[in-house]
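Below, chain A partners chain B and then partners chain C, in two separate complexes.
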Partner chain A sequence: MLRGLGNPRFLRAVLPAISLAVILGAIFAVNPRTMSPIGLNLLLQLAVPVALATIAQMFILAVNDLDLSIGGYVGLVACIGATFLNTDPLLGVVLLGACIAAYAVMGALIHWRNLPSIVVTLGMLFVWQGIAILVLPTPGGAAPGWITAIMGFKPPLVPFPIVAAVVIAVVVHFALMRSSYGVILRGAGGNPRAVARAGWSLLKTKLAMYALAGLFGVLSGLSLIGLTTSAQANIAMPYTLLSIAGAILGGSEFVGGRVSPVGAVIGALTLTLATRALTFFHVPPDWQIGAQGGILIVVLALRALINRREVA
Partner chain B sequence: MTGKKTLVAAVAVTLALGAGTALADTAAKKIALSNNYAGNSWRQAMLKSWDKVTKKAVADGIVAEASAFTTAENQATEQAAQIQNMILQGYDAIVLNAASPTALNGAVKQACDAGIVVVSFDGVVTEPCAWRIAVDFKKMGAIQLDYLAKRMPKGGNVLEIRGLAGVFVDDEIHAGIEAGVKKNAQFKIVGSVHGDWAQEVAQKAVAGILPSLPQVDAVVTQGGDGYGAAQAFKAAGRPIPLIIMGNRQDELTWWKEQKDANGYETMSVSIAPGVGTLAFWVAQQILDGVDVPKDMIVPFLQIDQGNLEANLATTEAGGVANVEYSLDDAKKAIASTK
Partner chain C sequence: MSTAMVRIRVLLARPWIWSFLGALAVWLAAELFTGGQGAGELLTATLSFAVFMVIVGIGQMFVISTGPGNVDLSIPATIALTGAVAMKTMGGADAMILPGMLAALAAGAFVGACNYGLIRLLRIPPIIATMSANFLVMSTAIAYGRGLKVKPPPLFADFTTAQVAGIPVLAICTAIFAAVMGVVLHRTVYGRSVHAIGQNRRAARLAGVAVDRTRFLVYVLSATFAGLCGALLAGFSGGSSLSAGETYLLASIAVVVIGGTSVAGGRGNVPGIWGAALFMYLLEAMLNTYGAGAGLRLILTGLIIILVITIAGGDRPQR
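And then the complex of A and B:
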């Protein structure tokens, strides 16, 4: 019967979009005030840094690794952004460049020594956090004016967070899913041996993917301080779990190089909105984390159902 | 649809009440509490006080609604999202105990721009458009030394129990105590340990340092550590010094026992969790058009030998001595800051 509804591949691709539509519809129904440009702006603003962190996580997932350090890393970027980048822009840019390079080295290390990524990134989580506390021991600092200006930009008609989400999704989609080197990068996760036999360096692909993750982590941290106007070392700690859940919700798999940039952005939006919806429904906070997990399980269960169709 | 229903219900209640009594201008206003943490006895008492005082205010028709929201994970980003939700839900004022003094400034500014009154207390925010009801932690440290100077004019050896290392509050109280020692030079800090504001931790830490200390005449504390310190002295078989208490029920009970048995004399100081209700009334007054200064300082709740029994009687087991504010108290507090 399900087969009649359409091709499983198509169903799988639209599932994240359907979950987002359902949650957005529920929020609109409960609070019609949200159905305005200002409302959508308030609702989706904080989803932009989450979406960028989710894309970073997705690059790591694409090469069969898992990044447990992204939350600490985004926090470090936020701290550098609110201090050095503001007072000494050149030094700030150099430091952020060094962060990206460190991420690439982390990828290389995992490849060379054949280390489990979970162990390496879990260790690095504390390294990022420690450096962040050294950079900014007490909450504070100030985001550079140009970042707050970008994040506070109000385009006519469409709210900025929606524009940002579409741009992120489209750019990454074309770079990773449509370009020829994108195919190699994903292939390194899907079938590393075949990619290596074809003469491509697996080390280079890991370096590239981890560097890309580092770059999007930087974008995430900067967009975050653009919204909060200041930083704090542990400001992005929840991003580790949010980014993994968002990417998986959006159709990525833990293994096999199967990822979806558009899905990842939608997954991040869905997760952010899910928490917001729960407050609008007056769900007590103690239940909210559980309810978030519940939403994740429902969507994944639906996907498992579709996957079974796909195999059959 | 529940939002609509509550609104209708709120309007109905307002109309029903409006028929009989004269109402403040704030009868249709909605106030929300944005709270970042609920995991200790102080915060629990704060939420309970809020619930009690605001329920009555709503029933009396002073405000239309005063809901409390606590974030699940004590994260600044989570609380920023919570504040944005409150803007969308159409609250007229947000009373805020913030997870971060600065990281919520973006969301607070958005609320101010939407015409919402933001009153922060305890965990205050630096955004200039918000009101701040702050605690003078430095003074809380300094007055302990002033009390000691009164009791022991000749001075003596002091053991300091600090709070959680690296937390702003601990640094502030410690700075106050240092300033107090400078002012009253007859006192000498002979040892310092971290008690993390928890009796068991304080007891262990004090027991660890005691053997290396000369005679200790007094112990200065930060609250939640006095009882543990007393136990450590007792276990070591040393004479119990003058220990400043921190308004916790176990500390007050112990003090009362000692007072009855041997006339033990001390004082106890901390912040009343009911300060949240002061913030509520301040928000209500601002909505009512009263001109309130942006920065207010909360008075401490100090318990002395004379009013110990009275305070102990109203403090529940495992709780903290508390004061809830009435509208008149808040008006007085505002008038005294001006």
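And then the complex of A and C:
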């Protein structure tokens, strides 16, 4: 048992959870009043859309690509959600479906022409942003009542963000890590040639992964306006970097195939909490962005340390 | 086949030709609309702004050429910080221009060294390392430049905005600079090492290439060029600003890739960066003359970037 605890693989798997616990503990120590369902709810609320965007990014990382457009995409979904989905639900649903389809097409294009995902998604970032400005030229709109109702739901005992995080993590974990097609999807990122030789269509896996990312991007945007109740075109711009950082923090790698849905959700929670923690610790505003970078560096340095032990 | 045909074929096979053709097409489209009026002014403005993209683009190209995953995301904050450092050191005095430039370059080099320190010593993936560094440098820039309102020295401001027969002096200097960097990339041991590492790091190491030193210098180079850009940009726009570097995060990557540098690494391209920088600015200008709103402009910019990369085609898998 003790040997199991010192095992680098085990350590690496629990590192995201430990960093989350440390930050949460520090916040509780500084301000004990946060240790209540209401306090936790306020602390973690914004983690739900971030976690969904991080899962979306993780799907792309799994097929060895990188999505720089997710921030603009989530913003566009938020704009559609706060306008069409509210006034004309059917059109809203059709538009959101078109967004997911566009994501799948993006994946197909990347695969078909063997394009660098960084450039294609960079271009799409501008496209999403442009459409969002056309949909909602000035900040405003209103989230549909049912979305705000869902996001404002208060289950007994456990705060809603925690329930949501667990549900997201478990659903994606079983779909991607435990199902047989999930293995193929991840394999397409880890060893595309082997998957192709085994008779699977790489195009289909790429389509599936990008469509899934699009779906979770939609969920992220909708949950975001459920909290903010209105939208603006660049409401989610930081999500691009946040989602990459969250996924990597949660144990995903840039080499494809190596991802962890549970880790990604924990990574997103940790990042959201870290930004909240900075205000609790009275970090001067000048240094708040810097401290976020610092936290990321510390956690990743720890992971590197564990990895080195594994090699040794 | 005639020799002219062969020449055209050879030319079309060059990865950088597409960005220039794109720039030419966009320029013609803009001129078609205005009937050729103000063609000279448009070219002058294009050159003035393209210069900054070229400077950071060359640094980014060296980084990207060292292989997949290598990219410098700390450029925006570095531009903001070094702009402030340059302006503060110069203090508006002509005599302090050289020390100010050197201070900006040194600050940039320091950021680059830190970047590689994070990558090598802490084994953090370059994207995350440079992104985290960007946050830290940005905070430093905010704290350092608080309330900073220093105008550039008159001589420096004149130099960065000077023109000879409609061609910005800065563009001429940058053209020479780009040519030198092209020679460094293709003709020196260092440049060959960068390419070797980008093609296969393990093979390069076994062949005796000083992998660590080369990669270290690549990140230092990129951040130093960002420092150069930051100082010049502050002179050009009459003072430093925290948001000066914002657009260069994505633009620096876009010009490198549109310019024909392989994202898979191992194949850099200097002339293409010029073509791509001209293309990016002319595209914006063309959409402006057509009276496109902000939303439409963004959509078309994005779609054209994707169109260019789709036509130019991706790389065939190497392994």
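We take it that the second predicted complex is superposed on the first by the 305 of 312 C-alpha atoms of A that agree within 3 Å, B and C clash if a C-alpha of one lies under 4 Å from a C-alpha of the other, contacts with A are read in each partner's own complex, and residues count from 1 in each chain.
Rule of thumb we're sticking to: a contact is a pair of C-beta atoms (placed from the backbone, for glycine too) under 8 Å apart; a residue touches a chain by one contact, two chains touch by 3 or more.
Being a predicted model, the structure only gives us computed values, none of them experimental.
Asks: Do chain B and chain C fit side by side on chain A after the overlay, or clash?
Replies: fit
Asks: Touch test for A:M35: chain B only (first), chain C only (second), both, or neither?
Replies: neither
Asks: Have a look at where A:P116 lands relative to chain B and chain C in the superposition and call it first, second, both or neither.
Replies: After superposing on A, A:P116 lies in contact with chain C but is clear of chain B.
Asks: To the nearest 10 degrees, give me the chain B-chain A-chain C angle using C-alpha centres.
Replies: 70
Asks: I'd like to know which partner A:V158 touches here: chain B for first, chain C for second, both or neither.
Replies: In the superposition, A:V158 touches no partner, neither chain B nor chain C.
Asks: Mind working out whether A:L43 is in touch with chain B, chain C, both or neither, as first, second, both or neither?
Replies: In the superposed model, A:L43 contacts chain B only, not chain C.
Asks: State whether A:D286 touches chain B only (first), chain C only (second), both chains, or neither.
Replies: both
Asks: Touch check for A:V93: first (chain B), second (chain C), both, or neither?
Replies: After superposition on chain A, A:V93 lies in contact with neither partner.
Asks: One more residue to check, A:V171. First (chain B), second (chain C), both or neither?
Replies: Touch partners of A:V171: none, neither chain B nor chain C.
Asks: Please work out whether A:A21 is in contact with chain B alone, chain C alone, both, or neither, and reply first, second, both or neither.
Replies: Neither partner.
Asks: In whole Å, what is the nearest CA distance you get between chain B and chain C after the fit?
Replies: Shortest inter-chain C-alpha distance (chain B to chain C): 7 Å.
Asks: Do any residues of chain A touch both chain B and chain C, and if so, which are they?
Replies: In chain A, positions 286, 288-289 sit in both the chain B and chain C interfaces.
Asks: Given the complex with chain A, which residues does chain B contribute to the contact?
Replies: Residues 1-3, 69-73, 75-78, 80-82, 84-85, 87-90, 100-107, 109-110, 168 of chain B touch chain A in their complex.
Asks: Given the complex with chain B, which residues does chain A contribute to the contact?
Replies: Residue list for chain A touching chain B: 29-31, 33-34, 39, 42-43, 45-46, 138-141, 148, 224, 227-232, 234-238, 272, 275-276, 279-282, 285-286, 288-289.
Asks: Where on chain C is chain A touching in the complex?
Replies: 68-69, 71, 118, 122-125, 127-129, 131-140, 142-143, 146, 250, 253-254, 257-258, 263-264, 293-306, 309-310, 313-317
Asks: Note which residues of chain A are touching chain C in the complex, please.
Replies: On the chain A side, the touching residues are 66, 68, 109, 113-116, 118-120, 122-134, 137, 241, 244-245, 248, 253-254, 286-294, 296-297, 300-301, 304, 307-308.
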